[in-house]
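You will see subunit A twice below: alongside subunit B first, and alongside subunit C after that.
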Partner chain A sequence: MRTLPALRTSPTAKHVDRLMRGVLWIIALGFIAVLLIFVGAILKQGWPVLNLGFLTKMPETLDAGGGIKPQIFNSLYLVVLSLGLSLPVGLGAGIYMAEYAGKGRALQFFRLCIETLAATPSIVLALFGMIAFVQTMGWSFSIRSGALTLALLNLPVITRVTEVSLQSVPRELKEACYGLGATKLQTILKVALPYAATGILTGLVLTAGRAFGESAILVFTAGTNTSGQFPDFRLTVPGETLSVHLWSVTSDGTLPDAREIAAGTAAVMILILLILNLLVRFLDRAIRRRTR
Partner chain B sequence: MNDSSESTLAATKPLDAVSGTKRIQPVLPVFRQSRLHRLADRWSHLLFLACSLLVVALIGGILFFLATRGLAAFFPLAGNTGRTLSFSEVFLTTDWAPSSDRFGILPFVAGSLAVTGLALLVAAPTGILTGVFIAKLAPPWMRTLMRQVMDLLVGIPSVVYGIFGLTVILPLVSRTWLTNAPASGFAISAMILSVMIVPTIVSLATDAFESLPPSLDEGSQALGSSRWQAIWHVLMPAAKPRLLTATVLGLGRAIGEAMAVQMVIGNNPQWIALMRESTDRAPFLRALFTPAATLTTELVQELPNTAAGSPWNNVLFAMGLLLYLLTMVLILTTRRLGRGQEA
Partner chain C sequence: MLSPNTPETKPIKLSVKDLAFCYGEKRVLDGLTLDIHAERVTAIIGPSGCGKSTFLKCFNRIHEVSSAVKVTGDMLIDGVDIYRGGIDVVDLRRRVGMVFQKPNPFPKSIYENVAFGPRLFGVNDRASLDLLVEDALRKAALWDEVKDRLKESATGMSGGQQQRLCIARALAVNPEVLLMDEPCSALDPIATSKIEELILELKKTLTIVIVTHNMQQAARVSEYTAFFWLGKLVEMGLTERIFTTPRERMTEDYITGRFG
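== the complex of A and B ==
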């Protein structure tokens, strides 16, 4: 570290200071502008397409005027399924890391694995899902292949959130519980988890948003087709989601109104994500109110 | 856990008993302790351990499955129905023409590095500066606003970024700067990618600056430094390891991003040859707007069209394996960087 001139502020330093403050403000405002332009452009393009027919019609394969009804269903269905698969495992792993693993090598190793899984590109997870579920298990492009692979994307986030939320439980609370004669398991289930629940729920909603927007994984595991029925709860049929639909209509180019459909789909996705974001903010505020 | 419905926190009952009678009764234990509870307590950690071990197994499983297919390109394994390729012809040649049996993946490696490098060139400085701004300079309302902006930016799906690039930025750039020549290529991909990875860098950089002891800041200002001098000469060096970690994680996100880049980069595996042939006067600028391809975009583009077991298919999986190994190296790098920091 360089020694600073004690108590001597040159005019240049003052100018630099003012200049850099200005630069920082401009960068920050620039990002706000980027977001506004982005969301504005997507909504503006999609707005003319958005109507009840678009949301409730089946998609067309060759003609204009198709809707996105099954894609909306598949998106929500896959998010729910993948969260249902990854939540128990993520909770379990998070509990182990926060409460049982101690502070030593084991915890470091588990953390390393979680970080690696979290940093693994989704296209790599997609390849894994394609080999393991689509080909080796012989499930072809289906909802179940998609849900299982998507669960891999959620797992590290849920684990991390569970671990962090459990660590934020005040020690006194747990000690008081032990003092009342509870076993460790009872303390975790009755005191620590309920306390951490709001934090975990926030993480869960964020994870849902990520899974909802994921496309690379699902292109290779859930396919780019729908079963043609609605609602179709079968796990063995291909299930194209909104984000995959958005990608496939633009890259296929067989639909005459691909542009409009893509614009409308993007707008629907942005709207759903904005609602999710409000939900996260609401939960976040609930946490702060309680911990204050 | 099956015992959870049984044991109830019976705190109210003993308390009533205490107030009812003068004599203080032993109120412990409030939690019921049947044999079942003790058994559950003793063995439940195995269940939690199993969940953790599943994550470890997944890391290994992904490596195993990718390796069986990716390495089949180079060795006569079960998954190989075509000829085996040599490492040098795959990793060291720039000629990608699978239909005429030439599998050089260098264009994609170079493409990934180029687009990631360009994105980091924009995202790392702006992200770190935004981190300083949020942690040290911004008024509270701006701080909350910036956090929400970053949350929204990170939540936008990559296909939506892609469609924005495809329908807004590409036509705009092509019309205004390039006299209607197609604008797809590194420049636009990197531009979109930098917006996608900036939230990662910002949030980690903000954490880095916020976790510095306030005495650093106060001390340098007490010595008469300006706000910016304190940031530049004291806080930045102190936060350096964690800022590097932030950059490395941003790099990881950028190199693995597939869909958004695939939609705007132009998907041209022959981009190196194309650039060699071009006789442009500004080759660097030309390169920025040459349709190109990266590891991830090529996977998205070609994997659905290839037959399992063919060398083409196996080389694509080898590219996936390369990405996965790269992730591991990056994570280990962040570990190494963080080691000096965690005290």
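== the complex of A and C ==
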């Protein structure tokens, strides 16, 4: 009689398994450590500068003691404006790609365009925005030039995220909806988009964060000055943001307290991003509870 | 159960003539001809991959949603061609409801799942929706179990309850035909017997076509049975006759478990 070989998990497989667990754990830990050191250093330097005056005063051009009030406003204003421009277009394009476009060459080409736009270095977008909006349209360094160029940066990400999120909607749910006599649009609006909402929201936050921190584009389109008024909702005035301010104070060298202002500005940016992320996490959980 | 000696009194609801179905280049169904009577349960049996589910999906054209398909031949509902009779596909799907293999409730409350269909057709006032929801849940024998927790999420229910909710959801748009694609394959025996009881109740007003792998289930719930093999109809007739004196050797072999 033949004896069948015994099947035992080899000791090596178990060792490798344990080893990999350790390695992955160390990678995760290293990741957190780098982040903590980085954020810690920024907050440590910025903390002494952070006070109500710094947050609520207008900036100085030559003297020490200026604040960053209009830059905070401009940063948030530009994020909102650029998202307001790119969200409807990006959502529409994403819905089209996921639900309407055939699988043919047109879609491949469309996707290639979007991926190319997504991979375009921001300095290229910056120079494009300067030529197109600042010079050709004659809008000079202004909020509208900045918002439009920034929208180009956001657009591919929002489109892609919308497409991917919609593709992740289970087929059974869509079939259930169609099976009840729903039209395509009803299925998209009532089943697909609500299900995809958390994914789209997460993408939106990443986009907002990127737009918030973007500097190259805004140096060339929104400029390195503020209008001197607060709050200034006009689209035609220059609108220096926090990250542009961070760059301009350190590279100009006219302010005696440039180092402190840069440290404070960086700290404020990190804190705003932190708040933004927490807010979205909260929103995400609220939506998930309602739609999953 | 209908016996070979009593004449059929119910009219023909669905009529299929020489139906062929292709997914791209692949021919899944070929030369199917059969009639389905109103207020009867017709079971479709056959080994996996024989085209049962595809056949079922032809009746509400749900396969068109996700893939390019080609259908030739005639498929009539009340004498009107489903594919060419100028029938609006959205209206067709309202008239021909479907229950899927895996329970697929929407990630919404129990109430909203059932109200979903009526809302699609513009019913939005609370009183009407309440009525429709209760009616559908009663018909699906689920009302007593869920009437105190209509606001709770449907995804928290047991599998059997979810499947009955999906039936209630389909019933809420007042269909004439109910297609059931192995509705009990993911359920335990108790939940299965509840669904079977429900089928016997629902056939009083509906035409039901059910795909099943369970021979006993086909024998228990259906008046007619059709045996499919490799995309073709081998034999169809009264369930009693098919299970006692099948005409084809292949049918007998399948029913008795010699192949499949």
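Keep in mind that, in the parts below, the second predicted complex is superposed on the first by the 243 of 292 C-alpha atoms of A that agree within 3 Å, B and C clash if a C-alpha of one lies under 4 Å from a C-alpha of the other, contacts with A are read in each partner's own complex, and residues count from 1 in each chain.
Definition applied: contacts are C-beta pairs under 8 Å (C-beta built on N, C-alpha and C of every residue); 3 or more make two chains touch, one makes a residue touch a chain.
Please read these numbers as outputs of a predicted model, since none were measured by experiment.
Judged by the touch definition given at the top, the superposed model places A:A64 against neither subunit B nor subunit C. When both complexes are overlaid on chain A, the residue A:A197 reaches neither subunit B nor subunit C. Looking at the shared chain after the overlay, A:Q186 reaches both subunit B and subunit C. For subunit A, the partner that touches more of its residues is B, with subunit B and subunit C as the two candidates. Contacts of A:M137 after superposition: neither subunit B nor subunit C is touched.
In the superposition on chain A, no contact is made by A:L278 with either subunit B or subunit C.
Applying the stated contact rule after C-alpha superposition, one finds that A:W25 touches subunit B and leaves subunit C untouched. Contacts of A:E175 after superposition on the shared chain: subunit C is touched, whereas subunit B is not. Once the two complexes are laid over each other on the shared chain, residue contacts for A:L55 go to neither subunit B nor subunit C. Of the two partner chains placed by the overlay, only subunit B lies in contact with A:C113; subunit C stays clear of it. Within subunit A, the residues touched by subunit B in the first complex and by subunit C in the second are 180-183, 186, 190.
Considering their complex, residues 170-183, 186, 190-191, 195, 291-292 of subunit A touch subunit C. Only residues 60, 62, 65-66, 90-95, 97-98, 100, 102, 104-108, 116-117, 120-121, 155, 166, 169-170, 173 of subunit C touch subunit A when the two sit together in their complex. In the complex of the two chains, the subunit B residues touching subunit A come out as 1, 3-4, 7, 9, 11, 28-31, 33, 37-38, 40-41, 44-45, 47-52, 54-56, 58-59, 61-62, 65-66, 68-69, 126, 129-130, 132-134, 137-138, 142, 145-146, 148-153, 155-160, 162-164, 166-168, 195, 198, 220, 223-229, 231-234, 237, 249, 252-253, 255-259, 262-263, 296, 299-300, 303-304, 308, 317, 320, 323-324, 327-328, 330-331, 334-335. Contact residues of subunit A toward subunit B in the complex are 1-2, 4-9, 13-14, 16-17, 20-21, 23-25, 27-28, 30-32, 34-35, 38-39, 41-42, 45, 88-93, 95-97, 99-101, 109-110, 112-117, 119-125, 127-128, 130-132, 135-136, 152, 155-156, 159, 180-186, 189-190, 206, 209-210, 212-216, 219-220, 243-244, 246-247, 250-251, 259, 262-263, 266, 269-270, 273-274, 276-277, 280-281.
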